[in-house]
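All chains are identified by letter, namely A, B, C, D, E and F, in their written order; residue positions are counted from 1 within each chain.
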Amino acid sequence: MTRIYNFHGGIHPPENKRQSLGAPIRQAPVPARLILPLQQHIGKAATPLVEVGDQVLKGQKIAEPTGHISAAIHAPSSGIISYIGLQPVPHASGLESSCIVIETDGQEQWCERHPIEDYRSIDKKELLKHIRDAGIAGLGGAGFPTDIKLNLGKDHIVNTLIINAAECEPYITADDALMRERPNDILTGVEIIAHLLQPSKILIGIEDNKPNAIKALRDAIRERNLPIELVVVPTRYPSGGEKQLIQLLTGIEVPSGSIPADVGIVCQNVGTAAAIYRAVIHGKPLISRLVTLTGFALGHRQNYEALIGTPFSVLLEAAEVDRSKMFRLVMGGPMMGISIEDDRIPVIKTTNCIIAATLEEMPPAPPAQPCIRCGMCEQVCPASLLPQQLYWFAKGREFEKARHHNLFDCIECGACAYVCPSNIPLVQHYRFAKSEIRNEEAEQQKAAQARERFEARQARLVREELEKEQRRKERAEAAAKEQARKKAEADATPSDTPDPEAELKKLKSAASIARTKLKKAREALKNAEEKGLDGTEKLKETVAQLEEKATAAESAWQQATGTEQSCP
Amino acid sequence: MTIILTAILILLSLAIVFGVILGFAAVRFKVEGDPIVEQIDGLLPQTQCGQCGYPGCRPYAEAISNGDAINKCPPGGQSTIEALADLLDREVVPLDAEHGEEKPKTVAYIREDECIGCTKCIQACPVDAILGAAKQMHTVIVSECTGCDLCVEPCPVDCIDMIPVPVTPNNWKWPAPVSDPNLIWTDRGRGHLLQEGTE
Amino acid sequence: MSLIHLSSPHVSKANATDRVMRLVLIATLPALIALTIFFGWGSLIQVLLACTSALAFEAACLWMRKRPMLFFLRDGSALVTAVLIALAIPPFAPWWVVVIGTFTAIVIAKHLYGGLGNNPFNPAMVAYALLLISFPAEMTQWNAPFVLIGDNWSVLASFTDSLVIIFSSINHGMIDAYTGATPLEVLKHRGGMTTEEVWRNNPVLSQGVFAWYGISAAWLMGGIFLIYRKVFTWHAPFAMITTLFLLSSLFYAGDPSNFADPFLHIGVGATMMCAFFIATDPVSGATSNKGKVIFGIGVGALIYIIRTWGSYPDAAAFAILLMNLSAPFIDHYTQPRSYGHARANRGIGGGK
Amino acid sequence: MEGLLHSIRKNTLGISLFAAVTAGLIAATQVITADRIIENQEAHQARTLYQILPQSLDANLHQQIIMVPAPELGYREPIPIFQSILDGEVQAVIIPVTATEGYSGDIHMLVGIWRDGSIAGVRVTGHRETPGLGDKIDIEKSDWILDFNGLQWLGEADKRWNVRKDGGDFDQFTGATITPRAVVRQVAATLSYFELRKAQILRPVTQTASAEQTDDETESFQTDSVETESPGTENLRTENPET
Amino acid sequence: MNTEYRKISLDGLWHNNPALVQLLGLCPLLAVTGSVVNAIGLGIATTVVLIGSNLTVSLFRRQVPEAVRLPIFVMIIAAFVTAIELLMQAYTYELFLILGIFIPLIVTNCAIMGRADAFASRNPVPAAVLDGLMMGIGFTLVLIILGAMREVLGAGTLFSNMHLIFGEAARAWKITLVEDYRGFLFAALPPGAFVGMGLLIAAKNLIDAKIKHRKELIKDSQAVTTASKRVRIT
Amino acid sequence: MNEFLLILISTVLVNNFVLVQFLGLCPFMGVSNKLETAMGMSLATTFVLTLASVCSYLVYQYLLLPFDITWLRTISFILVIAVVVQFTEMVVHKTSPLLHKLLGIFLPLITTNCAVLGVALLNIQKQNNFVESIVYGFGAAVGFSMALILFSALRERIAVADVPVTFRGAAIGMVTAGLMSLAFMGFTGLVRV
């Protein structure tokens, strides 16, 4: 039995999980339109491979990763690409972002699949490429492209693989349902991951409030006799946070600014493991996932297997939503989820839960009172920060100090805001401070870049000036020589070729004189017109003449300078 | 009378000693360069727009280190003023309206079909953010453009627009939870909510 | 359709700052009762007077600062401050003393800094210290506990007489008959006698000290209640009492005839009140747990030093203020070690 | 090297020029004001003395100092006593003493005693008692100190020399017994000392100068004793804790 | 020219008041303002030194070598201060005793140094002298107000002991506001000096804000008219 | 030894230079917005104050007293201080950029700081001997530094507090200094004089 360690803080919010566990996983309907944001994961947005009007099959890759950290996107069902462009997406900003929209044809026609029967026999690189091609991104939280986590290279030695089955947030039961009903999918997925990473230890961390899931997994492990240890941890939010779970199971803290792999640990969600299983064994890319539909505004609260891209409204209808009661729509859990203003937005790879809450269920927070520094937030912070100080600094825009107080180690779990007796929206203050700092950094970088370019340009101008000077000198010398020669010649044959330099100057001043005259005349004309004076006709004539002259002078000069004037 | 003489002599001798010491030190320990200018320059936005009345950010930085006001840079805005005040231990003052006001960030956009390729904008751009050659269409390298709008005026056909940098989920910033002194809703969302929720 | 847009978390624990303050108020009740039993109605009258004037000053400040009045008045922090001032001053101090005290606390020490949560100094203690240096005569006139003034106590025990004493300025001298030095003063100015002799000869110590012990016990009860209700942690009170106890034991062991014994130090005066109600003031104290321990140690040590060698026999207010002004600095050096950091961030950060 | 010399020369010249001028200016002012200042200083130092014994009695009071040993008052060294002399006979003396039992420190006083042992006047010249409480011993704050005038000490049995609370004749202040108690006790002690050393104290200074006050003693007086500070004349300046 | 002098005067008295805005010369300001008479005494002494040093520094501003600039300024100031100190000892000895160490400390009174360095060393003589005068008066006024506040609150009197400066006749100027006043000692003690000064600065801020507010109102009304004009044109 | 300890306690706590004796207030108010700069200032002041005590003692004992021109003390002290400060500044600037970054900008400010001249004058007034002068100067500097550092940490906190607009900045700083001074009154009588 592995020893269970402890992490600082944590809270026990009401669980509200039972409601959605009454019924087994249900298949969600295939919607008429599937909306697939190009960015459903951490990293760069995917690049579309299709165009409007293209016919696509279920499972067909429709967007490929851009660069290293990115994930592919597949058509969840067959149909026609009807639109590529901005659509509302699940994002805290409520802004729109690029999406591919598929008009489904209801055929559910699969494209050709490439299952790998015996993944042990093929090259690991091949296997990883297969996973990458399946577009798998972490289903547990941030949606980090999984293949990168599994492809650690030589500099990371993995000794522990942790499967995150904690599901610590209230309401959510997607992982729970998965574990109850498909434990073998998960375990096979874990085996594949283990095959890739070759860890010396595999731990599954699960909270003790899921007895059925624990039993199902334990039975399956025993049956298949796998070297996997199931560790039951006490229920306490946020034990499912990657860093907290690692601390719970191993006692190791992931150093600030590092990733778990740096301390030899990789952490994957159970759903991710199941997705890997399906991708490898069945050749099915990540086109669907389990979503918990819950909240008291729904008639049926249960887990659905939904296609990625299904609009929330379709799921809500399927769950018999009572819109008059629905007050708040949350994607994710009540602690970390984002609230959704528009129910047309689609399910994405990280959508594990949709809460349609009534007013009584999630009432608006009472107005914030001043922070009395009571320290309750500090007692619950899993990152051992000083939330009240962070708040103080964020509010006062003392970002440097906030940073010194390890603002960036805040995992935004919301435990502090949950307990704050003054109802201060602490997490929002931290997010604000973080994005201000990031923005400031970006701006500084941009300023540095601009300075470099400016200085480079200055230097270039100086250099050019020097070169010009040099050339002029050379030319003058040449001209002097020429003149000397000519003079010598002229002694023989007199000639009157004008000095080019002087000529140029003359032309230039002629042009500018003409310009000034023209300007003055124009002004006079304008003035006259405005005041309705006599003689505007005559003035107009003059202006026209002058205009001609000016253009002539200008072009003469331009021609003369010609080559030198063109762009750098 | 002797007392006056003693006094003068004593102080004089002190002064001579000190004069020698300081005169010696003035030469011996002379230091060149002024690192503070670098620091100030580092805080300025490097937009190089000249709105401060100096030909670029660095000259303004030098002017500040010589005592000029710190509130003349509109692109930097209030945050730059605060940073400068912090660095120089001066008081935070509002932006001097004479030099313009803080505007949202913009980038130049050249309507390419109208561009006649006169290269005027290229000469105007302090950071070489415009690509193109004589008599050819010009484009702005968006990532390099500082939004200084120096290229707008020289353009003979007025084909350059300054457009605000669009907000996308990638560059979106979390808003500050506002605290209105009268309302106590420190979270804009929450305040909004209550007003609607009570309906 | 339009739904509201909110940032997470979407649920919160139903607890409020006003509830915390109410708990603190409840916890002062035993002390109020004990004071009334041993010293007469004075304390009760002072509490009522202080609460009224504190609410009035708070309302005036909120009005001037254009803040919503009811919302802030309801948070109860002004009442806590008021009650603590009222219980700290002599029970029969004239009425204007407590009014000036609440004015200082609410207006100067609290609202000039921005109201609840912003004040770096403990308002009640600012008020107490200011009163002490401004009106030393009024502020040092503690009437003796009933056990000591025998027949006279009927005067103090009557509610109307108590009102008269507090509200009429003329017969202020009347109370002279009932005042006596507090145990700490007696011990401090014992005029050549050893501690032991004073204990034997001075009735304040030989008979009266139990009144003070009783009051301390009442404060202790309230304090334990608050720790049990998780209003504050044990760090500051424990550190403070332990420090005071250890220091006084040390000196008492060295020279018992010149120094007061440790039980007297923690059993009389404002020690218990200070430990559980003042040193725990979250607003003006140190932030982290380690900071709170240092804060407590500082208060304990300063109380001992000032009591023993300084001019003020009961030093709690000054000790608290001195630690209040050190608290931000302490905070700089007591940041806890955050998750994932090998060492805690110490010292000045930012600005670099 | 050239630059160095130049710099030194320039700076030295500058600074010394100004030094000479300013020193001259100050010195001139000093010369003009010197006499008056000395006069002022003397007058000031003597002022408290003359509050107790009017100048009309003996205008040289502040200069007639006799050194008398005072182990009874706790001093290891002789203390200076001012004598008011009329017709070659000491009419009254002023003894500077210090009460050590004050509330927050020593209380420096001048005790004026007539030849017959009655009090001519008492003044507190320095103390650190609590403003508003113990500082009523200061003539500036209250007339309490005048209560001593004319009183005599009738030996150990004299119960009057105590504050009321201790059964004596002197008022304590509301809320402050310690300060007046200290003052009263010290004045009484001074009177008893006066009675004890009457002969020495009342010997006019001109006669005793050569006899008793040896040079050695003056020396040792200046190097202050460590145990108890002699109440030297510099204590005459009021150390008002408020300023 | 005239406006320049006006500006110098206003600066010294209000906008750039050495005590309220520049926060210079605080030590004597807080230390000796227990009563009005102390305030006046120190105020006059400071003003005299300010004028004298500004005058001298301005006169010789071109002759002073850079490396020894500070020592020379300091010497000039110290000379004036010592002269004043000696004169006070000779003519207002009691006051000199009360002000004590703060008379020689006028030398380091930052206000004087600051003005000499920041203003007199860069401006011609008349401007420098005016600046000294106005700064001095501004400083003295603050001293007097603070002194009055503390004297009234702390002792219940006003203008007591004025004879220390103005001779015996001034003894009668003393106004006793409250008979038998117990004294709000806080005002007389160091903490009261700080808090009183804080209140003074706040009062100035308040007045400034009011003035600004009024100016903006006027500006706003003008702005409205121009805006409406524009509307009519288009 | 004991006597030096008393001088230290007296100058640091009981008669704190800034909060009780009102010396060095301008830098106390001016350089206390940031803890970091306050620390720099404290270091610089400690250095200069101690040095000034020594130098002025020497000048007084060996120059002014022998020639009986003690009334030149103000000018000669301030001259010595100004020169010492300026010389130190120049040397530090040249030799140790790090130290200069730490103290450099504060050194010139210190000449115009009452505490420095004050310590020199008080040393005479108190008739301190050489060692006592040093201890006194050092103690005064420590007292100054302590007050300054604690004050600046406090001010950093107040800077983000919701202070009414009229009181922002210097005004609330003064009030805070007042309350600090109130707190320091608790030390009254610790050392009986």
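A few notes on this one:
Here is the rule we go by: contacts are C-beta pairs under 8 Å (C-beta built on N, C-alpha and C of every residue); 3 or more make two chains touch, one makes a residue touch a chain.
These figures come from a predicted structure and were not determined experimentally.
Minimum number of contact steps separating chain A from chain E: 2. Seen from the C-alpha centroid of chain F, the farthest chain centroid is that of A. Chain F has the Cα centre that lies closest to the mean of all protein Cα atoms in view. We define each chain's centre as the mean of its Cα atoms; on that basis chain C and chain F are separated by 33 Å. Between the Cα centres of chain C and chain E there is a gap of 40 Å. Between the CA-based centres of chain B and chain C the separation comes to 50 Å, rounded to the whole angstrom.
Looking at chain F, residues 34, 69, 71-72, 75, 79, 83, 86, 156-157, 162, 167, 172, 175, 179, 182, 185, 188-189 sit in touch with two or more other chains. The set of chain C residues touching two or more other chains comprises 4-7, 65, 71, 108, 115, 118, 130, 133-137, 311, 331, 351-352. The set of chain A residues touching two or more other chains comprises 92, 327, 364-365, 367, 369-370, 395, 398, 401, 425, 428, 431.
On the side of chain A, the complex with chain F involves touching residues 370, 392-393, 395-396, 398, 401. Those residues of chain B that touch chain D in the complex are listed here as 3-4, 7-8, 10-12, 14-16, 18-20, 22-24, 26-28.
Note for the complex: chain E touches chain F at residues 23-31, 67, 70-71, 74-75, 77-79, 81-82, 85-86, 101, 104-105, 107-110, 113-114, 189-195, 197-199, 201-202, 205-206, 209.
Touching chain D in their complex are the following residues of chain C: 134-138, 140-141, 173, 176, 179, 189, 191, 311. Listed in rising order, the residues of chain F touching chain D in the complex are 69, 71-72, 75, 79, 188-189, 192-193.
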